[in-house]
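The structure that follows is given in the form of structure tokens.
Labels run A, B, C and D following the written order; every chain starts at residue 1.
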Amino acid sequence: MLPNYKLVSRESKVENTVIRVGDCTIGGGAPVVIAGPCAVEEEEMMVKLACKLKRLGVHILRGGAYKPRTSPYSFQGLGVAGLRILADAGRAAGMPVITELTDAAHISDVCRYTDIIQIGSRNMQNFGLLQEVGRLKFPVMLKRGLSATLEEWLLAAEYIMAEGNREVILCERGIRSFETYTRNTFDINAIPAVKLLSHLPLIADPSHGTGRRELVLPVARAAMAAGADGVMLEVHPNPDQALSDGQQSLKPEELVSFMGELTNNTRLHTKASA
Amino acid sequence: MLPNYKLVSRESKVENTVIRVGDCTIGGGAPVVIAGPCAVEEEEMMVKLACKLKRLGVHILRGGAYKPRTSPYSFQGLGVAGLRILADAGRAAGMPVITELTDAAHISDVCRYTDIIQIGSRNMQNFGLLQEVGRLKFPVMLKRGLSATLEEWLLAAEYIMAEGNREVILCERGIRSFETYTRNTFDINAIPAVKLLSHLPLIADPSHGTGRRELVLPVARAAMAAGADGVMLEVHPNPDQALSDGQQSLKPEELVSFMGELTNNTRLHTKASA
Amino acid sequence: MLPNYKLVSRESKVENTVIRVGDCTIGGGAPVVIAGPCAVEEEEMMVKLACKLKRLGVHILRGGAYKPRTSPYSFQGLGVAGLRILADAGRAAGMPVITELTDAAHISDVCRYTDIIQIGSRNMQNFGLLQEVGRLKFPVMLKRGLSATLEEWLLAAEYIMAEGNREVILCERGIRSFETYTRNTFDINAIPAVKLLSHLPLIADPSHGTGRRELVLPVARAAMAAGADGVMLEVHPNPDQALSDGQQSLKPEELVSFMGELTNNTRLHTKASA
Amino acid sequence: MLPNYKLVSRESKVENTVIRVGDCTIGGGAPVVIAGPCAVEEEEMMVKLACKLKRLGVHILRGGAYKPRTSPYSFQGLGVAGLRILADAGRAAGMPVITELTDAAHISDVCRYTDIIQIGSRNMQNFGLLQEVGRLKFPVMLKRGLSATLEEWLLAAEYIMAEGNREVILCERGIRSFETYTRNTFDINAIPAVKLLSHLPLIADPSHGTGRRELVLPVARAAMAAGADGVMLEVHPNPDQALSDGQQSLKPEELVSFMGELTNNTRLHTKASA
């Protein structure tokens, strides 16, 4: 064990960290499904989608209001207006919501309107931002950087925890490799490795991890089988017209069989580990 | 679909290719487990291990007689003597056997003593060797190269098939990335991608794909959940004294619960896809 | 040419951008050498080192006051006190200074005490920070991210320029690959590629690009031969006792022959391109 | 130093290995230029090109007769007919020739018609082939594998030397990274690293190392500045009609200024190291 894994390591805390958000627990054994569009778009669509996802069994609603985009000329998200729409949709459907924080200046808005702060891949080593959210009492989901080693990722979580915030969720979302068929290479090895090294809950993001709609659910199943505590899925009522990431978004109805299997697999897991 | 995927592609042949080896079918729906030591070592150990694996439900015995090693001064395998031991162990246990072919000069020996020829990662683009095994009527398992794209891998299979041999099995065994915690990065995305692109059966090798004993079974579970037709596992009665790859080898008894889950999951899969 | 390269591209501005800092011009044909310790340490050492570097022909003094470190428990830099020491050393030696900005909260301090703002690799896609420095009239050196493509890097520069700041310098500092012998893989291809794609000046950082002292000067020579406008070198009077990056730091006296060659090569270049 | 570097290491032999081929010495201080088309095509073109290259100062003629191609349906080279054309062109121009060996079955033909055997990237760990050429008394140029570490590459050379052949030349040709702008990432760090670790001569191949014509000469200059013993360049009289690798091939006339600089730089190097 690295000496710098003071708070993040399984040695420092043997039992799994369980994070409660609304009615939902993350890391407590029952698989968690987070779903929603890449970016928050129009309000009516968002409320309708949230209610549909809730009926399908989804636990947490996602949606980006501040979108970090490679080009300065791409759609950058709706900002506070997007946060309000997300909060309204979550309330209408009775689901907690998660959104990405890209700038310390938006912390108070993000905390007002949402339930979990997401720190994205590009900011995994934005240490100032990590320390800012470390000073909150608020759940933070930390995505792995595009080329971050497991060690760098866990130490980024340590940055948050060292400031006092212990409600950290890790999210594997694929790493950059030479392969071009997929947008990223989902690092399935990271799932059991992180669960052995750390007590923190771990969510898989196969939407970014594959970048191709047709691969998302098989890799979601794989991540659950490898020990993830849940998955985050990009879902859009009309993926081909999504303002971003349409090629990796599922339609809500495509979740149906996966949600069913998840329930079955949980039972199986319980039996297997009993 | 690439125009060069003439024989390998799902378009060229819609139904799954099923390969029969002894009593065992690969690609026919029932998961296949291949297990055994990295290198064939001593005969008595090998026979005992094979019988134990057979009792655990393993279908095919693996063992290397010609070992491609990074250093010319490392143990290079027992050669023909190793092939004979492998064949004896397979016969004693009633299992077909698989071994790696590294040189066209060994083809007749490998075909005499074994049931499936493995082409290893380092030889994935040894096109002369691919063409030689392409002229056989003999099952060939083609491992993905360390830094081969999906396209290069499928075209390597095309090399074999273009010579006439249609009994090709693909094997994902991890790719090289920047991550150093694991020996390789198992490319879970490749599992559903290859099953969509090609009709060929696909085996996962989480032993090489992770390089760490404690990650092998979770990643094996993941690969099956993602749609693999089976797994290949390095198993040694005494991993710490293995002549090669001990750190990624399991003990036979560690397979017990995995073999059980596999049976349950199959049922589940059958229900899910029905 | 990508449509999003509005300001950064060679098409948008054919002639090289030349940036003036004190007596020094970057991108104007004469090679620029930036040197100094990874982190600003003690004042007396810093002043002495700066004067020594100036005598050797170094043009710009570097030193980190805010150090982004993988672990929260590593030395994080001296902060404002470090900026003051850096400014004093620069003044004593008659050299402009450059330091890394990691947080928008430090902008006014960094602008008060230094001449060039460095945006480090980990913040290459910290878009909020890019936009903040984009609103300044102040030279900014933008390091390439660890796994950033050329396109992502140029678009990060576009983020700065789109806000109005046209004084952007690019810095290639190595990318992450599978190779572990070196800390990073210096991407020499990026040097001529960026000079073709963009009018912005380009500095090479072979200290981070190799991570090994004995490789720094050969790769510095290579970068200049490939068309870089200058190099940035980590130099420490006593590398083995440096508070960070000692293994990639040179002693000042090791620069002597390199500085001489640089003068000769310039002449050569002039002849060659005449 | 790794214990397995028995013959390849600088410790085992302090002075540089110098290999003589015809009038040409490789590794003896004077830079060597190897040039020619990717694949041997038509005889008259080849003879004309060889004579032109000779007049430009090129030392060794290259041309592939056995082409390892990703697809079985791509042009695979002219085989023995190509070897004869290459030999004729070399004789006509008074230059030694080099060609790739892909299969041990072709060794006697390749040795009859050429002066240096090239082992390509895909065969860097084809250990049987390495051992076969290791038993010859014939110069062998060993290209680095697409994802081979420096250690694996040097140990591949050790495989050849361990069989008795000490005339090994190393060739850096770029590694596979996430960057897609260039075909490969030329690993400039490898140049000084290998020259420190080993006494063997080292050639740079910026044609494959970049995959883009406009980057070839800048990276060739960089490799020489970093300490390479020479460069290998793909040259074709009409790159857009080349049967392979046209996009990375130069026209002969594009070599003129580079060949001149090389002479000047040699003098410079001599002065600098004196």
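Just so it is clear, a contact is a pair of C-beta atoms (placed from the backbone, for glycine too) under 8 Å apart; a residue touches a chain by one contact, two chains touch by 3 or more.
Remember, it's a predicted structure, so these values are computed and weren't measured experimentally.
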{"item": "Joint neighbours of chain D and chain B, given as chain labels", "value": "A, C"}
{"item": "Self-contact between copies chain C and chain D, residue sets same or different by half", "value": "same"}
{"item": "Distance between chain centroids, defined by C-alpha means - chain A, chain C (Å)", "value": "35"}
{"item": "CA centroid of chain A to CA centroid of chain D, Å", "value": "48"}
{"item": "Geometric centre distance via CA averages, chain D-chain C, whole Å", "value": "34"}
{"item": "Chain A, residues touching no fewer than two other chains", "value": "147, 151, 176-178, 180"}
{"item": "In the complex with chain B, residue positions of chain C that touch it", "value": "147, 176-178, 180"}
{"item": "Contacting residues of chain A [partner chain C, same complex]", "value": "4, 6, 68-74, 102-105, 122-123, 125-128, 146-147, 151-152, 155, 158-159, 162, 176"}
{"item": "Footprint of chain B on chain A - complex, ascending", "value": "147, 149-151, 175, 177-182, 185-189, 191-193, 196, 209-210, 212, 214-215, 218-219, 221-227, 257, 260-261, 264-265, 268, 272"}
